[in-house]
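Next come two complexes built around chain A: one with chain B, the other with chain C.
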Partner chain A sequence: MHIHKRTFGDWVLDIFVYGFMIVLGLITLLPVIYVFSKSVSSDWALVSGRVNLLPVGFQIDTLVNVVTSHAFSRAFVISVIVTSVGTLLSILVTAITAYPLSKRHLPGISFIMVMFIFTMLFNGGLIPNYLLIRELHLINSLWSLILPAMISVFNMLVIKSYYEGLPEALEESARIDGARSYTILFRIILPLSMPVLATIALFYAVGFWNDYFSPMLYINDPALKTLQLHLRDVVMENDTANAINKSADDLMNMSPESIRAATVVASTVPILLVYPFLQKYFIKGVLIGSVKG
Partner chain B sequence: MSELITPLNDKAERTRVSRKRESRRRLVWRNFDTYLLLVPGLLLLLLFKYVPMYGVVIAFQDYNIFDGISASEWVGLEQFRKLMHSSEFMQVFANTLLISIYKIVLLFPIPILIALLLNEIRFTAFKRTVQTIIYMPHFLSWVIISGLFMTILSPSDGFVNSVIQWFGGEPIKFFMDNSVFRSVVVFTAGWKEIGWNAIIFIAALASIEQEQYEAASIDGASRLRQMWHISLPGLLPTIILMLILRLGIVLDAGTEQILTMYNPTVYESGDVIGTYVYRTGLGKMDYSFSTAVGLFNSVVGFILVVSGNWFSKRVLKRGIW
Partner chain C sequence: MMKTMNKWIALPAAVSLMLLSACGSNGEGAGNAEKSASAPSTQSPSASEAAKPELKALMRLGPNFEKDPIAAMLEEKTGYKVNYEALPVDKPEDKLNLLIASSEPYDIVSTGGDSSSKAIYADYAKKGALVDLTPLIEKYGKNIKASLSAETLEMAKVDGKIYAIPTRSIESVGTSLMIRKDWLDKLGLQVPTTLDELTAVLKAFKEKDPGGNGAKNIPMAIKGDVPMVDNIVGAFGIVNDWNEVDGKLVPRAMNPSFKDYLSYMSDLYKQGLLDQEFAINKDATVKEKFTNGKAGVIVLHWADIPQIDDALKKNFPDAAYAYIPALASKDGQAGLAQSSGFDRLTFVPKSSKHPEDAIKWIDAKLDPDTFKNMAIGLEGTHHTFKDGNYYPILPIFNDERGSASNYLTGIDEKNYPIYWQARVRKDERLYKGWEALNKQQKPEAFKKNPLGLAPYLPDYSKEDAQLGQMVNDYAVKVIVGAEQLAGFDAFTDQYKKAGGQTSYDEINAWYATVKK
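Showing the complex of A and B:
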């Protein structure tokens, strides 16, 4: 076997490469670690400015208090509802729509395809969308967060290109046996497409979970606030009084700073818990999308 | 449809055309069930994408809620005249371009560098760990990221300002200072996406044939030279395509990001088209003017993307559609 002798240049390159990656990794982790430390440090340590990177005077009362607060738990439940219902409906409609669009030989399909793609390039903009939602009486309805987001053309294109890669013969034999399209789609195509459907479902789920823009536009009833919207109030408007499980004692003992840090941490944890899945499936999706999309 | 109008003298020609039309109709009829599957998706598309496109007509009106689109007064290009003469809009337009160009110039090359360097790492566990860490911020929402950075950059007790003060500097109000706000926007955008954006380049590098490196290595080319003469040229088509795509959205300077970060003190440097549309439309209820700004944005964006794709197809023989 040919063994490459390491030259001086190789050493320099390696030191640079590893050094660069370590610095990059640290810069990425730093804000997360810091906020985590703040959320679990005791209040006197925060106030006296003693928390630098690691927790000082460890406590989890603030975190517990924030998570059990009415506003947080309610917003969390709302977000779970919107994300699960939204993802389920979106993946269903997207997977169904992609099927006829993968039959390019059928008359009219290419025109409909153009109609879909055109919406990626041009949109009505914020105000017409807002006025439409209001016309439909969806302001302060969770449907306003789900319905407009249900068809992502990009996601549909990814699924469509996956269908196109499936062997024709499977479908033809079913067709000869007299099966209708929906039978073929649900019995043959969808079960074979599970990997891509899982990926796209995660795309949708992360989209619904992280969306703060539509709730900010369409939801002003406090009882329907999503987690991102609640977080926005705490972070941007410094609305920390509602963010904890209120009792006079608690409010005295916790600085707005630590409540804010704890709310940020509590909202980040769910994403980090599912991150290993996300990473695996998302990368696949990005690559399918970039090759064919 | 033209065959319906053109008189057909040749009988054979007429039968051929009518048979073709017949077979098309039969094809549609035989696959009627397939077409039916389009219904839910198409309805959603028409309602939530095309109806708002029709809604842009209010940019040519003096729209008010009570009269609606049908009864509001038509004012032609008045809103656009107002837009062109608004110094506020010009400021917003300049901010948008500046932030976008900073983002492209400073942030576009980094993922390419990351991919090239990761490609040099043979220690797989280390490589995996780095990738896992740097992809992570992509999955955090802008609100969370704002929360993270507002905490670490806080002027009173944030980590960064503690370090600055430790070195004897004055604390910086990162979110209140027009001279640094844009840098905060560009940096945090990079923090979120540079790792993730490297994926596409990493995949492109993986598809370069390994023999090329072996041959170069036998010829005595150093790894740096291999990077320069094999990896980089191998990435070039992907780089150009991604750059064209990126330039196509130059008018989106990061609306959702900035909406979670800015405040009236930094409007001067940080207010961009998207945030301006949001404030004038939903804040001041100036629906028509705001829609006009949005329409201007959409039209320019459309032209940029379409011409970018045309260019890419001509030069690279590879387009987005």
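Showing the complex of A and C:
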């Protein structure tokens, strides 16, 4: 399909580009491999720093113990619940909100739009948010992680502009056939918008899964810890800045390096497995809205 | 990512504002707490006995409190059901400030016992965020008074009132120099006991290379952020950050002995006896160098011995190691740092709904039998008793009492140090290391941190971290030769101006009252 013959310059450029991308890829890949190797290496090898890229003294016990441990599995289940419930509700509410806002002819619609945009630019800040959650009695409730994050205005705008790109004639013909607004939304618009909804659902899911800050603020009950919170506790345990204040008991109870690595691996793998299957939607998602502002 | 970072920076500042405003409204909250505190006492004791409320406790570290056998045992013995929550491991003080400022109704809150925790505690107490425990201890604290020494309670006072039940830390030596015994044997040398002998041994390690490392041979490795080497500092009389000199407490930077120490260390560095890359060594790097047979001497805490032992024996099956005893200088000076002070502080916030029951619960936990059960379990089940010592029964001891230290809210100060040894005996190697540092040394070598039991000292608390960093940086620079020792007096002046002098005055004003 080449339009013109490849010149020497093209070859040089290709080599340079490929080389650069391979280096970039390795830079991001190597730390992941390193942590994985640590999680399946023996402790003596870790203490004496013999693990570089390949596992030394291969063992799978640590990984198995971490995954089957009560604290990890409970945090994992909590994170799965928050992510699935949160994503479902978020995508539903966001899709429904975006629909009327895509109808420019509705009275007062621009005012309502301004109100949404306003929340994108300004918010009450951390303490007022905390007080609000507390007054709503949502502290130590998983809803505190879901409700405040349910509508992202940015995601809503992406869906809205997708709706606006759908041909007006579709709706008109449905209306002629006697469909009401709800039927049009659920039977015609939403099925047609699957690509954008899948992308936004992914944005939400990744957001809920990776959220560390909200659970750190709002969750005190150890039984409701999310995976990210648990991970942070495990990883920070050995932080040297804290080590000075540690008593001999704390030092004796400290978990070995391989447990930390195994926890990191075990909490990364699920989302890692999901990515390859959903990546095509991500790429489409970037295109959405790029044509029509 | 950026968003999170900004939030982190904003959090402490915003919380301190909030704390101020919360305390304004706390006036009435305080009144309520006192009212509710006095109300139950008018009831008949049997009535309050019958209905023990569920308590809400915020503990320092967060293992699994639910389903924990200790929690179940305590619930049965004290009659109180307790809901345990825990602060995050990362930045616990920020979260604590947030919870206290928003008057979360905790009945028991435990924090660390270091100087920054003491500062937070004193701050809460002064702002009226805590319940005055003095009358409650008087009324319900039979076991508390029997277990905690008067000295301990005195140290917890803020403006003459007790706001916290302190847990004293176990007084023990943690770190010292660990040496490759098999290297010594190979060269026909003895474990050094004086500074001069240490220098000689290091020289022999360098010249004769018993590990066969060639160019990678390291006689002694230390951490880059800890240029004050435990045990060696003892020979110079500067064991702790602050040491007594002629009845006054003097920080290292204002102590002429510090200059001698630096000159000794920089000399070691110049001769190649000290790891040439020590400035970038982390804890893990030092352990790597030791377990890979590259380093002959390192600084090590006895709690780290099992992992070091595993790795070293795997790499060198014939390797042997030993702690170097407190090294004496020419005039016989020697010392090992002994931890002293508070392990944690437990207080009752004003927002507590059951301050009386909180104290009753703490008191019930200090009942001699319950306390012993909590610390080391039951004789025959969790431990055995032989010749005045407690020995753990494994693995049940680890499974059911392994996290006992997380439950402490005050200790039986006479017996706990003995009970606690059962914890060290869970691994023979741990006990050997602990014993070498704590039992086989001359008692006069133990130098307690004189500031461990100091009350909250505002200037010192504020400047301590910054000044400590300054001294460490200077020490590293001198040792590697980037800075000349001739400038020591200028450094002392700089230290004084940076807040060292105010800390010195403040600490010695307090120290004078203790010395009397």
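Assume the second predicted complex is superposed on the first by the 251 of 293 C-alpha atoms of A that agree within 3 Å, B and C clash if a C-alpha of one lies under 4 Å from a C-alpha of the other, contacts with A are read in each partner's own complex, and residues count from 1 in each chain.
By definition in this document, contacts are C-beta pairs under 8 Å (C-beta built on N, C-alpha and C of every residue); 3 or more make two chains touch, one makes a residue touch a chain.
This structure is a prediction, so every number in the text was calculated from the model and none was measured.
**Q** Tell me which partner A:93 touches in the superposition: chain B (first), chain C (second), both or neither.
**A** first
**Q** A:25 contacts which: chain B (first), chain C (second), both, neither?
**A** The first partner, chain B, only.
**Q** Considering only touches as defined above, state whether A:256 meets chain B (first), chain C (second), both or neither.
**A** So A:256 only meets chain C here.
**Q** Contact-wise, after the overlay, does A:222 reach chain B, chain C, both or neither (first, second, both, neither)?
**A** So A:222 only meets chain C here.
**Q** For A:232, decide between first (touching chain B), second (touching chain C), both and neither.
**A** After superposition on chain A, A:232 lies in contact with both partners, chain B and chain C.
**Q** Using the superposition on chain A described above, determine whether A:70 touches chain B (first), chain C (second), both, or neither.
**A** It touches chain C, and chain B stays clear.
**Q** Looking at the overlay, does A:150 come into contact with chain B only (first), chain C only (second), both, or neither?
**A** A:150: touches chain B, not chain C.
**Q** For A:125, decide between first (touching chain B), second (touching chain C), both and neither.
**A** Both partners.
**Q** In this superposed model, does chain C or chain B come into contact with more residues of chain A?
**A** In the superposed model, B touches more residues of chain A.
**Q** Quick one: is A:58 in contact with chain B, with chain C, with both, or with neither? Answer first, second, both or neither.
**A** A:58 contacts neither chain B nor chain C.
**Q** Of all the chain A residues, which ones make contact with chain B and with chain C?
**A** Correct list for chain A: 49, 125-127, 130-131, 212-213, 216-217, 232, 236, 257.
**Q** List the residues on chain C that touch chain A in their complex, please.
**A** Within the complex, chain C touches chain A at residues 4, 7, 10-11, 14-15, 17-18, 58, 61-62, 64-67, 84-86, 88-90, 95, 98-99, 102, 104, 112, 114, 117, 169-170, 172, 174, 225, 282-285, 287-288, 291-292, 301-304, 307-308, 310-312, 314-315, 339, 343, 402-403, 405, 420, 423-424, 430.
**Q** Which bits of chain A are touching chain B when the two form their complex?
**A** Interface residues on chain A, with respect to chain B: 2, 4, 7, 9-10, 13-14, 16-18, 20-21, 24-25, 27-32, 34-35, 38, 46, 49, 51-53, 93-94, 96-97, 99-101, 103, 105-108, 112, 115-117, 119, 121-132, 147-148, 150-151, 156, 180-182, 185, 206, 209-213, 216-217, 228, 231-232, 234-236, 257, 260-261, 263-264, 267-268, 271-272, 275, 278-279, 282-283, 286-287, 290, 293.
**Q** Quick check: in the complex, which residue numbers of chain B touch chain A?
**A** 24, 27-28, 31, 33-38, 40-42, 44-45, 47-56, 58, 114, 117-118, 120-121, 126, 129-130, 132-144, 146-152, 154, 157, 159, 162, 191, 195, 199-200, 203, 217-218, 222-224, 256, 259-260, 274, 277-278, 281-282, 287, 290-291, 294-295, 297-299, 301-302, 305-306, 320-321
**Q** Quick one: in the complex, what on chain A touches chain C?
**A** Chain A reaches chain C through residues 42-45, 47-50, 70-71, 125-127, 130-131, 134, 139, 212-213, 216-217, 220-223, 229, 232-233, 236-237, 239-240, 242-245, 247-254, 256-257.
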